[in-house]
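Take a look at the structures below.
You will see subunit A twice below: alongside subunit B first, and alongside subunit C after that.
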Partner chain A sequence: MELRKSYFADQRKDGLNEIGQPRPRLDSPGHVTGKTAYFADRNFPGMLHLKMVRSPHHHARIRAIDTSEAEKHPGVVKVLTAKDVPHNVYTILILIQIGPEDETVLADGKVRWKGEAVVAVLAETERAAQEAAAKVKVDYEVLPAVFDMEEALKPGAPLVNEYHGQNHYLYDSGECRKVRFGDVEAGFAEADHILEQTYQSSPIEHAPTETTGCVVAPEGNDRFTCYTNTQAMFFTLDNASIILQMPGSKLHFVGGTVGGGFGGKVDVIVEPIAILGAKLTGRPVCFIYSREEEMQISSPRAAEKVVIKDGVMNDGRIVARKVTGYTDAGAYSRHSPYGAQKGAAHYPGPYTIPNVWIDTYCVYTNRTPSSAMRGFGVTIGDFALEVQMDKLARLIGMDPLEFRFINAYRDGDMKAHRQPTEGAALIECMQEASRAANWPVAEKFMAMSSYRKGG
Partner chain B sequence: MAKVPVQFTLNGSEKAEFIDSGTTLLHALRDKIGDTSPKGGCHQGTCGACSVIVDGELRLSCLTLAETCNGAVIRTTAGLAEGGVLHPLQRAFLDAFATQCGFCTPGMIMAAKVLLDRTPSPSREEVVEALSGNICRCTGYEPIIQAVLSAARSNSQNVA
Partner chain C sequence: MAIRRGRGVAAINYPTGMNLGGDPTQALVHSTPTGNFMVTLSSVDLGQGMKQIMAQICAETIGVPTDRVIVDTADTDTGPHCMGTFASRGTHRAGNAVIQAAREARQVMLEVAAEELEVNASDLETDGQGNILVKGAPQKSISIFDVALSAHFKRGRSISGRGMFLIPRSYPEKETGAMKPSTCYAHACTVAEVEVDDETGEVTVLNVKNVFEIGRALNPKMVEQQLVGGSWMGISHALYETTEPYYPNRDHGGTDFNQYLMPGPGDLAETEIIVLERPSADGPFGAKGPGEMCANPQIPAVANAVFDAVGVRIDTLPITPERILRALKAQAAG
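Right, the complex of A and B next:
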């Protein structure tokens, strides 16, 4: 690959000595010799195995839980229910003041998605834990469930999560995150054409080769060492500290070696309950998702629905854009309120549009809680936006790449969410793409620059 | 549960253990013997991360009962480097950036080794076929294929 150093040469001080040079990865020697220590490669004498009893229903009230048979099962050491968890209702982003706490470590009185953790069984062997988990009796009263975001937002829909009180996240701006810029209706009035389209996506599982899990060892000094494949070490430590009502100084997290994450390992799910198990039994505990759990239980990328209405002129300028975005959080918030908010800032895309109106909703349904995945909040939006850009170009009979040059943001342009554009390089990227893909555009576009004064 | 004895050669050294009947070779290697180079990605024979070599054959250790390996000669990625010198496949995986998170890597290297032991100069198609039971979720397939081909080339240079 050729590295063009001419772009922005006057802005750069480093001479790009490293970029473009192959450098060996520091972790590869461990990988090719099998020496890299993943969390599951830690084995401690007397280690217990934790298995979850999970909800078979999408939405149900729990009338009673009977763990007596499970407790008698040979090899079982401890059975945990909601009452054993010091601070059972939590939410990950409380650390950055995004509440309310809305999720239970172990279900208390209600389950809100199929697969929700209800009872944790700790036993001498994986097999004993599995067999005992099957002996836990939970008496459920099945409740009506809602799986579709627009159904969930209708009045009278089953209430998914009482901690919110309605089936959407309540932002300080109200029922949705809003961006208002210019006068979108005036923009539509002046437009030569208007195009409204709806785009939808399904949840996507990260499917890392190494499943989610941790190994916890109680230490002699009353501390707990947690070997984990979390992608969010300090987030997990701080949330574990809240859930366990245990000072952070008692927790020692060892991690950073992740057998594939892609955003799927940023939720705080396995560590707190495993640490609790280690605390209550005084023994090391291993909690690792089976492949089935990884596919079914771990948070996927959220399903999204994006409605885009654009006003475009015959000369190629987009003069108005109105977007309504829906993010399916599933039953609990996790990272979704943040993802939906990111979308609100992002929907104009890398384009400068004078009149913008955006509403993004974070919606609760009885589906598996969704969370982070590679660029969540903007990835599906980008798919929708770029398909929309192609359709707009076709509508006015313009080359799709030239159409993007006309609307590309440049340094100094004000974005709809009131951040001035800095360090833009879209035009330069498209110029390279035009050359690399042998997709020629008019000379005037090849002469453009992201610098305003550059042309 | 009744314990059964198993005895085999692992990477050149004799191993003997008492295990629970029904223990998989993957668990026996990892939890009993302490060779954690084979990885458990699915425990159901679909990912290939647990691949090891038993008597010259590529085996999914998660689907192999340890007690069926009595007297066998077993090789894992942990025993591939000799005297601290990387095997050509290990060298090639390093040089070709064929490993990202590394979780699939020991299994990939095992599958590639069985291929090169039998077919020292494989075609690209033969490499793809040999690795078809091994999943890499970090999307490293092309660098992995290139690494195996380049290891084959460096092998044949060494022989020549």
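Right, the complex of A and C next:
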């Protein structure tokens, strides 16, 4: 890595004692010698293991659940169903007033994705819990499922989630989050060329080294300590408090070093049910995802579809950009309404375009609920935007890097969401990339600056 | 049939912190009797080194070496509230809270030192090595060790401070979408060079040159580890990863690392990282959040390089050999 100190030197105070110094990490020796303690290193006498009975169907009504055989299985201590969960229907962003509550801790009457948790089994050993889970009998009436976002948005599509009433999230702005800036149709009318393209991604797994999980220990005074690898301690505690209808003062969350998060550990999934298990049995409980659960049950990055329509001039200026983004939330909201909204704020990318129209939708389908992942709301949007930029440059016969210089935002430029640009540095990044990659651009672009008066 | 070479570019920006703000973090700082400093948080270290960076920020602010600072975090009984470690917010939000708390603690420390040295606190400075000196008369000094002892056992003072950082929440205007999503943005430009085998559809990323503008590299070695890792993850997203290979079809989802494809050590591209620093107006020492951003530009850069190499556009992720071969076949049928 090289630090290019020549850029923006006038805005920076170098020569500090500790900041800017490559100090060795104080925690590294523990990590590389296996001394660092993770949540799963906690082991308590009498600890129970929790395993989930999961839906084998993408969409089904539950006619009946029979847990009698599972309860008789040797080693089984407790079997939990929806009726055991004090506040079973929840949504995590209710803490910042993004509702409605739309997801069940344990399925109640219906499952909406293959893998959804239906019954929790607590047993003396992991094996006993697994074997007993296989003995739970659930009588399903399979319902039509919808997997494709376009299909889901059509009239008459199977309804994925009754708590929403339609297969998309309802923002205060309506069926999508909107950004309107300038007059996009007038921009298209004056453009020398129009290019409309569709981009698509697939769900992605966070693939942390350490899978999601927690260990809960009763403190003996009606208080519970939850050792967890959540990325957000109080966010998880407060949601657990709502789900369990327990005062927050009864809950103590302890984290520590986490073996990779990437956004995969900001859902509140394992902690509430494990705490409930500990409360109802009076024993420590551990609930840790297997690698298979981490990959197919825990939320992936949402699949997204992005449609971009641009109007571009022969001289390289983009004069209009219309983006319609679709985020596949799967069966429940989790963080996806937030992600789709973040996309609306991000488009049209780091470029100054006078006429912009953005619609972003959060769509429900019968698949594993998606949620946060490194850059969600932006990552796939950037893929779409930057491939589109390449296509536009080639369409007008311009070098793709020079084309970006022409449109790059600079200090003071008004963004589509009506904030003036501050602290821009796109131009300088491109100048340095031009040098590093030996990708020459015209001298006038190398003389540009993100500072307004500089170029 | 041949191995064809191409290169592609992508340029991006990325907001720091939770979209639309409203995501607070608090910090507490106090000294021990012998002049070490405890930072108490409830933020989570995901392995990226948050504790180390908070220690450096506290040390710089108070004026002691980093190894005099201990970070106690991720315990809801002891640590004040933090919204969480996500949205590239950890360093920016918690760092600001730590600075505020450390400034308050530093002020008490200087007041106690002033009493011991019989000068005004405003005439004192720290040497960064654990001593407090009179400005312009450095022979008149006291160690922070002695100041802490005095505060605890003689003067009855608590060398401590409270810190809080909150960007007020912005609510998007319904019809226009007018809003303030973030207060600062990191930037990047990546050039990727690839080879594509037009017989097998296999893509080899030869090298990526990443330029990142991140506000301030608080610890350059840690910045490097995060940016290199992010760059690899971006390439992996572009070419390998998905839990649903035939999305929207739900079948064929991988359930372990034999089925869920990621690049192995031999598949990693030669990776060059160049860092620019344009300090943000409201970041700790100007820092922005590069944690998420650094995995983004490689995806379109690789996609554009594949087009440059073989002349087909793969607009669906991941860019698998199967998709490339189907596109080449369609192109040939053309």
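Note that the second predicted complex is superposed on the first by the 443 of 455 C-alpha atoms of A that agree within 3 Å, B and C clash if a C-alpha of one lies under 4 Å from a C-alpha of the other, contacts with A are read in each partner's own complex, and residues count from 1 in each chain.
Convention: contacts are C-beta pairs under 8 Å (C-beta built on N, C-alpha and C of every residue); 3 or more make two chains touch, one makes a residue touch a chain.
These numbers come from a predicted model, not from an experiment.
Visitor: State whether A:G30 touches subunit B only (first), subunit C only (second), both chains, or neither.
Guide: A:G30: touches subunit B, not subunit C.
Visitor: Give one of first, second, both or neither to describe whether A:D413 is in contact with subunit B, with subunit C, with both, or with none.
Guide: A:D413 sits against neither subunit B nor subunit C.
Visitor: Applying the document's definition of touch, where does A:E124 land relative to subunit B and subunit C: first, second, both, or neither?
Guide: In the superposition, A:E124 contacts neither subunit B nor subunit C.
Visitor: Should A:D108 be classified as contacting the first partner (subunit B), the second (subunit C), both, or neither?
Guide: After superposition on chain A, A:D108 lies in contact with neither partner.
Visitor: Just subunit B (first), just subunit C (second), both, or neither: which does A:F181 touch?
Guide: second
Visitor: Could you look at A:E71 and tell me whether it touches subunit B, subunit C, both or neither (first, second, both, neither)?
Guide: Neither subunit B nor subunit C is touched by A:E71.
Visitor: Which of the two partners, first being subunit B and second being subunit C, lies in contact with A:R374: first, second, both, or neither?
Guide: second
Visitor: In the superposed arrangement, does A:A436 touch subunit B (first), subunit C (second), both or neither?
Guide: After superposition on chain A, A:A436 lies in contact with subunit C alone.
Visitor: Quick check on the superposed pair: does A:E18 touch subunit B, subunit C, both, or neither? Answer first, second, both or neither.
Guide: Second partner only.
Visitor: Identify which of subunit B and subunit C touches the larger number of residues of subunit A.
Guide: C
Visitor: I'd like to check the shared interface: which positions of subunit A are touched by both subunit B and subunit C across the two complexes?
Guide: 22, 24-25, 27, 31, 207, 258-262, 291
Visitor: Tell me, which parts of subunit A touch subunit B in their complex?
Guide: Where subunit A meets subunit B, its residues are 22, 24-25, 27-38, 40-41, 43, 206-211, 258-262, 290-291.
Visitor: Write out the stretch or stretches of subunit B touching subunit A in their complex.
Guide: 30-31, 34-44, 46-47, 49, 76-78, 80-81, 86, 89-90, 93-94, 97, 99, 101-106, 109, 135-138
Visitor: Could you list, by residue number, the parts of subunit A that touch subunit C in their complex?
Guide: 1-5, 7-8, 11-12, 16-27, 31, 58, 96, 114, 147-149, 172-174, 177-181, 197-205, 207, 230-235, 237, 251-263, 265-266, 291-292, 295-296, 300, 303, 328, 338, 341-342, 344-346, 349-350, 358, 365, 367-368, 372, 374-375, 377-380, 382-387, 389-391, 400-401, 404, 408-409, 416-419, 422-426, 428-430, 432-433, 436-437, 439, 450
Visitor: Which part of subunit C faces subunit A closely enough to touch in the complex?
Guide: 7-15, 19-20, 22, 42-47, 49, 51-52, 55-57, 59-60, 63, 65-67, 73-77, 79, 81-86, 128, 169, 172, 174-182, 184-185, 187-191, 209, 211-213, 216-224, 227-228, 233, 237-238, 241-245, 247-250, 253-257, 260, 262, 272-281, 285-286, 291-293, 295-297, 299-301, 303-304, 307, 313, 315-318
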